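Once you scroll down, you'll see the structures, which are given as structure tokens.
Here come two complexes built around chain A, the first alongside chain B, the second alongside chain C.
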Partner chain A sequence: MPEVLKAPLVVEFPFTRSLGPVQSAFLTGLRERVVLGVRTGDGRVLVPPMEYDPVTAEDLRDLVEVAPTGTVTTWAWNPAPRRGQPLATPFAWALVRLDGADTALLHALDAPGPDAVRTGMRVRVRWAAERTGAITDIACFEPYAGPDLDGREGPAAVTSEPRPHDGQFADPVTGIVAEARLDYVYSPGRAQSAHIHALADRRTVGERCPECHKVYVPPRGACPTCGVATTEQVEVGPRGTVTTYCIVNIKAKNLDIEVPYVYAHIALDGAGLALHGRIGGIPYDQVRMGLRVEPVWTDDARFPDHYRPTGEPDADYDTFKELL
Partner chain B sequence: MSKEPVAVVGIGQTKHVAARRDVSIAGLVREAARRALNDAELTYANIDAVVIGKAPDFFEGVMMPELYLADALGAVGKPMLRVHTAGSVGGSTALVAANLVAARVHGTVLTLAFEKQSESNAMWGLSLPIPFQQPLLAGAGGFFAPHVRAYMRRSGAPDTVGSLVAYKDRRNALKNPYAHLHEHDITLEKVQASPMLWDPIRYSETCPSSDGACAMVLTDRAGAARSPRPPAWMLGGAMRSEPTLFAGKDFVSPQAGKDCAADVYRQARIADPRREIDAVEMYVPFSWYEPMWLENLGFAAEGEGWKLTESGVTELDGELPVNMSGGVLSTNPIGASGMIRFAEAALQVRGQAGEHQVPDAHRVLGHAYGGGSQFFSMWLVGDRPPQT
Partner chain C sequence: MTRDIAVVAFAQTDHRRTSDELSEVEMLMPVLHEVLERTGLRTADIGFTCSGSCDYLAGRAFSFTLALDGVGAWPPISESHVEMDGAWALYEAWTKLLTGDADTALVYSYGKSSPGRVRDVLTRQLDPYYLAPLWPDSVSLAALQAQALIDAGEADEPALAAVAARSRADADANPHAQLRGARPQGDYVVRPLRTGDCPPVGDGAAAVILAAGDRARALCERPAWIRGIDHRIEPHGLGVRDLTDAPSARLAAEHAGAYERPVDTAELHAPFSSQEIVLRKALRLGDDVRVNPSGGALAAHPLMAAGLLRIGEAAARIHRGESDRALAHATSGPCLQQNLVAVLEGDPR
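What follows is the complex of A and B.
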């Protein structure tokens, strides 16, 4: 059996996010080294703040400022930081309840090792040198042994009251970019791998369904109509018929093809469904349904560069009307 | 035991626009929810469950909306479900909510759908470069345009029909305060003079990219009795799917669409949809899909749908108005588009569609589809409860 293909597939996109009033105040506050929370209907202070009350679903707008010091409520050691994480050296993921807050914030805690971290330990914000209005404006948390807000030493319980804040800052941050990235290893599977290997010899190979006898190109290893595996390999084409098409007049961002050009559905002789390709070697406005075409290959490409007319008479509509 | 009748007692949507930079996604969805609750004169406390739908994850990068939005939608301590069926999702989300009421699992259900296209790029989401696969060579409309040409060949429709649909829908949108596109100076000549992007599809025959949300409150017979405004009653609802690509797939009139409509008509005891249904709000992302769906849904014989469009039957004052709201051609927050169709059908039978109200709309069909004609969902709503 030929080798099943594999390749890395990275899916990434810089999504943008409008923040709304509460997240806007929170992130702008971080830029100004102010940590804001929000007071709920039952009097609790949520940090990070929420837009809506988790109990009553009412709007929450009652912002308060809490301290940049707090207590670790639980944690996990991260021995091998990965791309995009807050610190490049091993650190603890910690939930930190800031003084004045009733809920804990998830962030990185910089510590020399897991032995230096414990639930209940006192920590404080280490601000990033350059702040833009993002959660990364808190570079991380760090152990803190100095006086707490009430002037007492050590990890004593802190009762400091959060202070009301109007959430107003000059030049507020109203949106962020949320980079999303997913790393996959992609495999097209047995059937498509065989198809792709055959393309290297400029042969188009599909698979025939043992029940309905339709030939799938490219093959997927099973017939979606009959729900059975396909194994019998069948070479189709190389000639085929244009079943339908459109004339593309607008340049797509990622494609280096001069417009106008014809994008067509092409039923290769013997195939049970049409595949897609560009038509060349004929003025775009002379392409028609039923045009007989053949592939044109270039040296380095996996797929035909385009299809060109064979010069045969056009196919009769009735011969391809099921293959549009 | 028969099913519980399902009533729509609250409908809310946002003013759809190109970009809502003033609100978070939660704020946007909540705006629609609040309007639906206000319409029903209910609060979150009256809601037993929340059912939410949205566009495919790569379209906008929100992977777990049910988790993110539970607080905003008052779902804490209640069941919250998420539905996922590509472009048809707004319709199937409403049907999942309706089925929970019909099965007497819940009495009153809030259902919502949304998308902020301005924060993402749907075309990117549709064309991820997959290793070893030939890239799509044609851009957004290039997927649809060959199917339109196939329809034109099969039906012999004159090539002006698409522009008639776009001209009608954009004029209908002028009567709908929530529609995204309000082209006050629209003329048929302007539509026909707009650039041919993917011949045979012109620029003016394509849908916009919108930010928006839609919400509905569905309830049982007892809930309907308490409704301050006339309810819309679900007379039939169905979903169908089929593979995006298979040998024998009919992109012009997919079998799953025909089967879905037939199921709805069977439930609602509709023998002749053209005579017994008063208006249709259908998912038309490119203008030519109006005549195609008219045939697929049984309002015209195969090859005859364009004649209804051309003769004015589908105009707002025609015998069978289609896309009274202005349709997807005027408003397209993809994840919400299906639910907006369903909501418009309900608005019409409740007599609450305002300037785009169809007189005597007793039975109206709402239709959604998506995923390269992979998913279909439809409901028929009426101004009277179903006969039991």
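What follows is the complex of A and C.
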């Protein structure tokens, strides 16, 4: 068995998400160092606020301001912070019920160690220096030993009773960009590894289905028709036949190929299905079904750069019609 | 229309820390062949096929379409997929059989967590506005739940350790399990949860075949009849919930008929030791119920397959005559967010 191939794979997906009226007011409020909650039909105050009542599903619009101080309802000591988490040094995750709220908000709690944290302890918001209208405008919570009800600097004193708030701020935040990055180590499995190893020797190797005898190139380990493992390796090509093609007229981002060019399905000799490749070495408007082609390799390439005409007579339609 | 529907066959891979020499379909295919072989059915005999998986685990877009190559889906088959644990794929297949559109169903699921960092990957399923930007990982959220349980006086660290020890001791008899036999609890991963309280990260797959009525009796000596199945979900805000309870699990169990008569066995999908304690209470399981004889999720936890494994393991015990009435549970999301309960019975012996 050849060595297992591995390569880093990074997936990034920065979703742009719009906010509803309640989320918009809450996140804009954080930017302005104001914590808003929303009152439910039965009088409870939800912080963080939701657009809909979690029990009745009613619209919720009755905003209130709560204190930036609160009480830990449960916690967990995180000795090894991970990428993206609020603090880079060991911290406690905490659910915090802010004064005036009936539900708890999840965030980090900056404390010297687990012995300094307990359920029921008093904490207050530590605001981020730069605030944009996001949950990370709260940098974290920190232990709070001062008077219970007004930990906030600023003009308005906050009492434990939530106070009505109209949710109106100048320049409200209406959306967030949710950045995300996940890192993987990709390994392609047995059949594709064998294919890639052979490509390094400039050979194209497929696998034959033991039941229907079709040769799959590139192989993926299973015959999708029969549902069995393909095991017998078969070298195909190097020459092949254009079975169908299209003319690309729009330049793709980061692609250093002049348009128009031809992208084709190419059935390599001996293969049971066509693979894709670019056709070069011939004007784009002279490419045709049945054109015989061969791969062109560039130095150090792990796969053919493109395919060019061999100069042979065109293949007869009947020889490739099953591979269209 | 009421039909009796049963699990008639079950197969699973050996669950391992990594399977990087195999693609997903290469890992899955032997399980599909094994489960079909147990019934003598071929793909063409199957009325409906449903799978569960998640592209984020291995970072492969549309991986389920490649996995379908292992089924042999030509001529075109009647097929569906859920981006969830296979237990929910089984739920869909069960409803399909109830309609009478099909008499047999193949249900499978697989997960390869080894290529990624699963604690980070799972943060992407959270509320994107208030939670995901903080990247709260799966162990941290479970630890918040465990601490709430400790604060409420419903568990302590020795109780958590006892769940972990019993699970891995039971897994000694399960050749497919990833962690078999006693091991130390280890250090805190996120306090109060230690290494021993957390599930192993690994790769694996599972498959079951469902059949209706006489078809089930023909395919299996002692079918595991699904007497009821239901799934329910908690509010998504963690701070809205009482983390020491799982009302959605209790409601699902009620609707599945779990409380009508006692069960002798329960296969609980409790990825963390503390969650077994929550579920035992919510599901009202007494000390006389055999919980997770397979070793449960603390012994093998291939994501997306781990819930289907619970149904398969419970059914297999009925097939073998080791249980007459079993509860199988699957969960999804943080802190037992979503819960599915199935009640399985064997014919009287």
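What we mean here is this: the second predicted complex is superposed on the first by the 313 of 324 C-alpha atoms of A that agree within 3 Å, B and C clash if a C-alpha of one lies under 4 Å from a C-alpha of the other, contacts with A are read in each partner's own complex, and residues count from 1 in each chain.
The rule we apply is simple: a contact is a pair of C-beta atoms (placed from the backbone, for glycine too) under 8 Å apart; a residue touches a chain by one contact, two chains touch by 3 or more.
This structure is a prediction, so every number in the text was calculated from the model and none was measured.
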* Check whether A:79 is in contact with chain B, with chain C, with both or with neither, and answer first, second, both or neither. => second
* Asked: Can A:189 be said to touch chain B (first), chain C (second), both, or neither?
  -> second
* Which partner does A:116 contact after superposing on A: first (chain B), second (chain C), both, neither? -> neither
* To do: Check whether A:15 is in contact with chain B, with chain C, with both or with neither, and answer first, second, both or neither.
  => both
* Taking the superposition as given, does A:174 touch the first partner, chain B, the second, chain C, both, or neither? -> first
* To do: For A:104, decide between first (touching chain B), second (touching chain C), both and neither.
  => second
* **Which of chain B and chain C A:145 touches, first, second, both or neither** => neither
* Look at A:136 in the shared chain and tell me whether it touches chain B only, chain C only, both, or neither; answer first, second, both or neither. => second
* Asked: Can you list the residues of chain A that meet both chain B and chain C?
  -> 9, 11, 15, 17, 19, 23, 50, 54-55, 178, 180, 186, 188, 192, 223-225
* **chain A residues touching chain C - in the complex, by the definition given at the top** => 1, 4, 6, 9, 11, 15, 17, 19, 23, 27, 46-48, 50, 54-55, 73-79, 82-86, 93-95, 97, 103-108, 114, 119, 134-136, 176, 178, 180, 182-193, 220-229
* Residue ranges of chain C touching chain A (in the complex, touch as defined) -> 20-26, 29, 32-33, 43, 56, 58-60, 66, 68-74, 115-117, 119-121, 123-124, 128-137, 140-141, 143-148, 151, 188, 190-193, 235-240, 243
* Structure fact -> So, in the complex, the side of chain A touching chain B is made of residues 5, 7-9, 11, 13, 15-20, 23, 50-57, 174-175, 178, 180, 186, 188, 192, 196, 209, 212, 214-216, 223-225, 243-250, 252, 254-255, 257, 260, 263-265, 272-273, 276-278, 289, 302-303, 317, 321-322, 324
* To do: State the interface residues of chain B toward chain A in the complex, per the touch definition above.
  => 20-27, 30, 44, 58, 60-61, 71-74, 76, 116, 118-121, 124-125, 127-139, 141-142, 145-150, 153-154, 195-201, 243, 245-252
